[in-house]
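Structures for review follow.
One chain, chain A, appears in both complexes that follow, with chain B as partner in the first and chain C in the second.
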Partner chain A sequence: MSTVALITARGLFGRRRALILLPLPLLLIGLAAICRAYDLPGDQWGEAVIVGLGFAVVLPVVSLIVGTGVLGSEVDDGTLVHILTKPLPRRDIILAKYAVAAGASAVTSAVPLFVAGVLADSAKFGAALAVAAVVGAFAYSALFVLLSLVTRRPVLLGLVYILVWEGLLGRFLSGTRVLSIEQYVITIANKINPSTILDSEVGLGTAVIMSAVFVVGCTLAAINRLGSFSLAGETS
Partner chain B sequence: MSETGVIHDIGYQRYEGPRLGRGAAVLALYVHGLRASFGFGRSAKAKIFPWMVAGIMLLVAVILAAVRSQTGQTIFTYVQFDDQMAWLIIFFVAILGPELMSRDIGSNTLPLYFSRPLRAADYVAAKFAAMVTAVWLLLGVPQLIMFLGAAFTTDDGAKGVWNEFLDLAPGWGYSLLWALLFSSIGLLVASLTGKRAFAAGGIVAIFLLTTPIVVVLSVLPSSAANHMAGLASPMSLIAGVGQWLSNEPESMSGLDLGRFGPIYGIEAVCLIAACLLLLLARYRKVAAL
Partner chain C sequence: MTTETLTPETSTGTDVVNLTNVTRWYGNVVAVNDITMSLGSGVTGLLGPNGAGKTTVLHMMAGFLAPSRGTVTIDGKPTWRNPAVYRDLGLVTEREAVHSFLTAEQFVLACAKMQKLKDPAGAARKALELVEMTGAANRRIGTFSKGMRQRTRVAAALVHDPRVLLLDEPFNGMDPRQRMHMMELLHSLGDRGHTILFSSHILEEVEQVAGLVQVIVAGRLAASGDYRKIRRLMTNRPHVFAVRSSDDRRLAVALIGEKSVSGIEMEAGGMTVRASDYGSFTRALPRIALEQGIRLHKLVPSDESLESVFSYLLEA
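The block that comes next holds the complex of A and B.
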């Protein structure tokens, strides 16, 4: 199991491709630093930077690229066969890859959010944002790992979820917020350290339970899906 | 029997018909690109995403036209329609860019293209034209539906239709601006990688991460920074150009241009030109980066 995790991590970070994970967090920290340097009050820019950029773009997009990359790239170039033919339970393969994906996304999004939170308000606020980002990274990664097994175009489907479901519908239809990971993340951060910057729309119980449902449900579905995975070649 | 310059004549029949040159190759590539944009000539799976976006846009246009003809109130003008659909346009560009560019890199068809009398500039021009047309159609057709809805319910006869058309024409021009700018950025990002997944993620990230910069710049304590805040993001840049050209001091986008309107126009032109030049530079060499 650790070998699978090692190979996955090397496939993720061993190539130049990993560099595209850098600009997003750096921009988040840079914007927060500029605002701090001009001594602007945190509630004036906090929502745009922390919610608009951090929770709505950095966290989901990083999780999407990493989460669909750990399995999707191996499905694409056919090297998944080499792992599937080893005498390993499929459960271990999924769990190892999921752990790498969630860990990588959590670090990449929680660290810049912590820094931005410190610059906006206080260390406690930063810690709240970081904890929420870690929860979000686990939920998003579970969803996107599952997507990369269900469809051949996981990134586009993931973008539909991020852009259309959370971005467009979440703004107009309040009902869709119950199924939006972004809202859970905001709620959790707001409950740990209440702040005017964050505006939570769902209850804490809903947020925690639904995050757990996303993590467990999507992982179980992914294990089940990999159990009967066929590598039939199709091009569309 | 054997001609000079032929080492072995193994008896294959020669092609003696007309040979179509560069122009035909560019046209073929353009038509193929436009068809591929909407998934024509492909499996049903390839049609899902483009037609989902197009379906939502058409639905919104039909609803807007119906509301306007029933109640007489205009929810969005033609120009506001483009602004409101920005997220869907980003998504559409994230579908199209990789489809047109990354696919050729990923499946190694580029050496085949460039072994024809086709030059790098022709390839870029054909792809760019195809994508601009596709994005413009995505915006222009719903606007036409809104126009038809308004034209058939007008009370002033031909004059009312003509006035409505005068509203539609700038809307079409505005859509063309969206198409030009978003296509050039989307194609440039997509041409850097052969993996469609990474290209789509990169395009969306570029467009979305620039929006908060606008907000930050607009709260900085400097009026020049506030007026020029819109320059930081393609969406607000286009809104700013539209505002400057239509001479409206304020609009729904909440941008305050001050006297910096011309800078928005200059940046839009320069950005499109720069993206196209970078694309040309990128295709001097065929291999993926």
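The block that comes next holds the complex of A and C.
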């Protein structure tokens, strides 16, 4: 693990914000467990819990907290300068931070979704949800790491994307779904293990290609942006 | 506002940091206006009132700000979008944020590793010794005082023994003993051939550490070089000398006839002489004293302090 990744990981998990990651996954598992305990069939509660909470809230919000935390907080408090004043290619810095963000988001989202999938249907369904969550975590993280570098309010902009673009416009305007990571994740999970719980709105090709576009495009943009990172003068 | 830069001939021909016709603007505001500046080995103070553009200049030198016009280079290589320059460059920003969850040793060691040094642990230990932080090396930075955090940041900036060290207000938060130690450290680094540029708003600090200054006023380079020589170039201002002799009154009578002397004030324990021409006066005084048989006890230029030079430049 690179020094940059180690510092990033320690900064991420050593802060109180890491605790914010726990309630949502626990809520997801708790709700699924309650439904299962009352012997409710999976297709009755699966969509609300897995899609409505898991894919629409847990996965993007966890990725937002982590994705903006690995870089945005260092930009805010000025500690990023200690990393940038090293002869490291900016690509290495972004990739290290991105790997930590995507890895942490993937684990935090995929595990509860796997458990919810097992409780709702089967282990295979749980595995499909987990794989889709990993893909989603990588796409969301790339987007949110980039937002940390292009705006001073990455969390706000990230929430606008999650709540307004995906949550609101995605329901009523079919065209917006082409740029919705949530829709790619649902499609990928549904193709791995078709289920009545999931309702795909975009094709698999679109989901895979657009996920890759988010990952590669946002990462390249972040590398370029970090190369032009400027410090504001405090006494100038 | 001055439009002409006072620059005594001080260039050694081995300048490491070069700014050529550098301008930086933010929207309609010109923060730095057409500055040309060269820094060689030794310690140089970057002076200027608040808002003059010091930090903007430092950030451009450090590759954290693109010049709107002109070039900024270290060893001939541009600093903007060129991370390779950090092999030879150390930066201590004014903002004191450090990864507070790390110990001083972990932080400096991490910096050594990111510099890809052959012996990062040895380099980290040496850097912490330099700033006298060995005793607190295993404490978390979050528990440090402002001065300790500052010294840790200096250790991190020095861990790879950079040729060029840029420091923005490095003495902030330090107690007098730490301040003295930091001054000695900068002195010794300068003597060893490093190029050190530090900004400060405390003139006394700059005077004690740096003979060379770069003075920025309203985004322009107002003066550059040895501040005592800069003072002598200010020919429109009389030079002020404190003189004491075996017979001050008789010496005053003899001096007032001298062309280069523009005024004399008698004071208890000596006199203050205003001279329009530094060279002519300092040559004439010993001659006149000899002719009059007067013994000189004291001759001190009393407005060659950095404070005087700085205030003259601001008024200009």
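Note that in this section the second predicted complex is superposed on the first by the 231 of 236 C-alpha atoms of A that agree within 3 Å, B and C clash if a C-alpha of one lies under 4 Å from a C-alpha of the other, contacts with A are read in each partner's own complex, and residues count from 1 in each chain.
We take it that a contact is a pair of C-beta atoms (placed from the backbone, for glycine too) under 8 Å apart; a residue touches a chain by one contact, two chains touch by 3 or more.
Keep in mind that this is a model prediction, so the values were computed, not measured.
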Discussion item. Clash or fit: chain B against chain C, after overlaying the two structures on chain A?
Written reply: fit
Worksheet item: Does chain B (first) or chain C (second) touch A:G170, or do both, or does neither?
Response: neither
Practice prompt. Figure out whether A:I65 sits in contact with chain B (first) or chain C (second), or with both, or with neither.
Written response: first
Worksheet item: Of the partners chain B and chain C, which touch A:W45 in the superposed model: first, second, both, neither?
Response: first
Practice prompt. Based on the superposed arrangement, let me know which partner A:G117 touches: chain B (first), chain C (second), both, or neither?
Written response: neither
Fill in: Contacts of A:G14 with chain B and chain C, given as first, second, both or neither
second
Fill in: Which superposed partner A:L31 touches (first chain B, second chain C, both, neither)
first
Worksheet entry | First, second, both or neither for A:G78, with chain B first and chain C second | second
Discussion item. In the overlaid three-chain picture, which partner chain does A:L88 touch, first (chain B) or second (chain C), both, or neither?
Written reply: second
Discussion item. Tell me the contact category for A:L156 with respect to chain B and chain C: first, second, both or neither.
Written reply: first
Item to complete: Counting touched residues of chain A, say whether chain B or chain C comes out ahead.
Response: B
Worksheet item: Between chain B and chain C, what is the shortest CA distance in the superposition, whole Å?
Response: 14
Worksheet item: Considering each complex separately, which residues of chain A are in contact with chain B in the first and with chain C in the second?
Response: 236
Item to complete: State the interface residues of chain A toward chain B in the complex, per the touch definition above.
Response: 17, 20, 23-24, 27, 31, 34-35, 38, 40, 44-45, 48-49, 52-53, 56-58, 61, 64-65, 68-69, 72-73, 76, 152-156, 159-160, 162-164, 167-168, 236
Worksheet item: Tell me, which parts of chain B touch chain A in their complex?
Response: 42-43, 45-46, 49, 52, 87-88, 90-91, 94-95, 195-198, 200-202, 204-205, 208-209, 211-213, 215-216, 219-221
Worksheet item: chain C touches which residues of chain A in the complex?
Response: 3-4, 6-7, 10-11, 14-15, 77-79, 81-90, 227-231, 233-236
Item to complete: State the interface residues of chain C toward chain A in the complex, per the touch definition above.
Response: 31, 50-57, 59, 62, 64-66, 81, 83-87, 89-91, 93-95, 97-99, 101-102, 107, 110-111, 113-116, 153, 156-157, 168-169, 199, 201
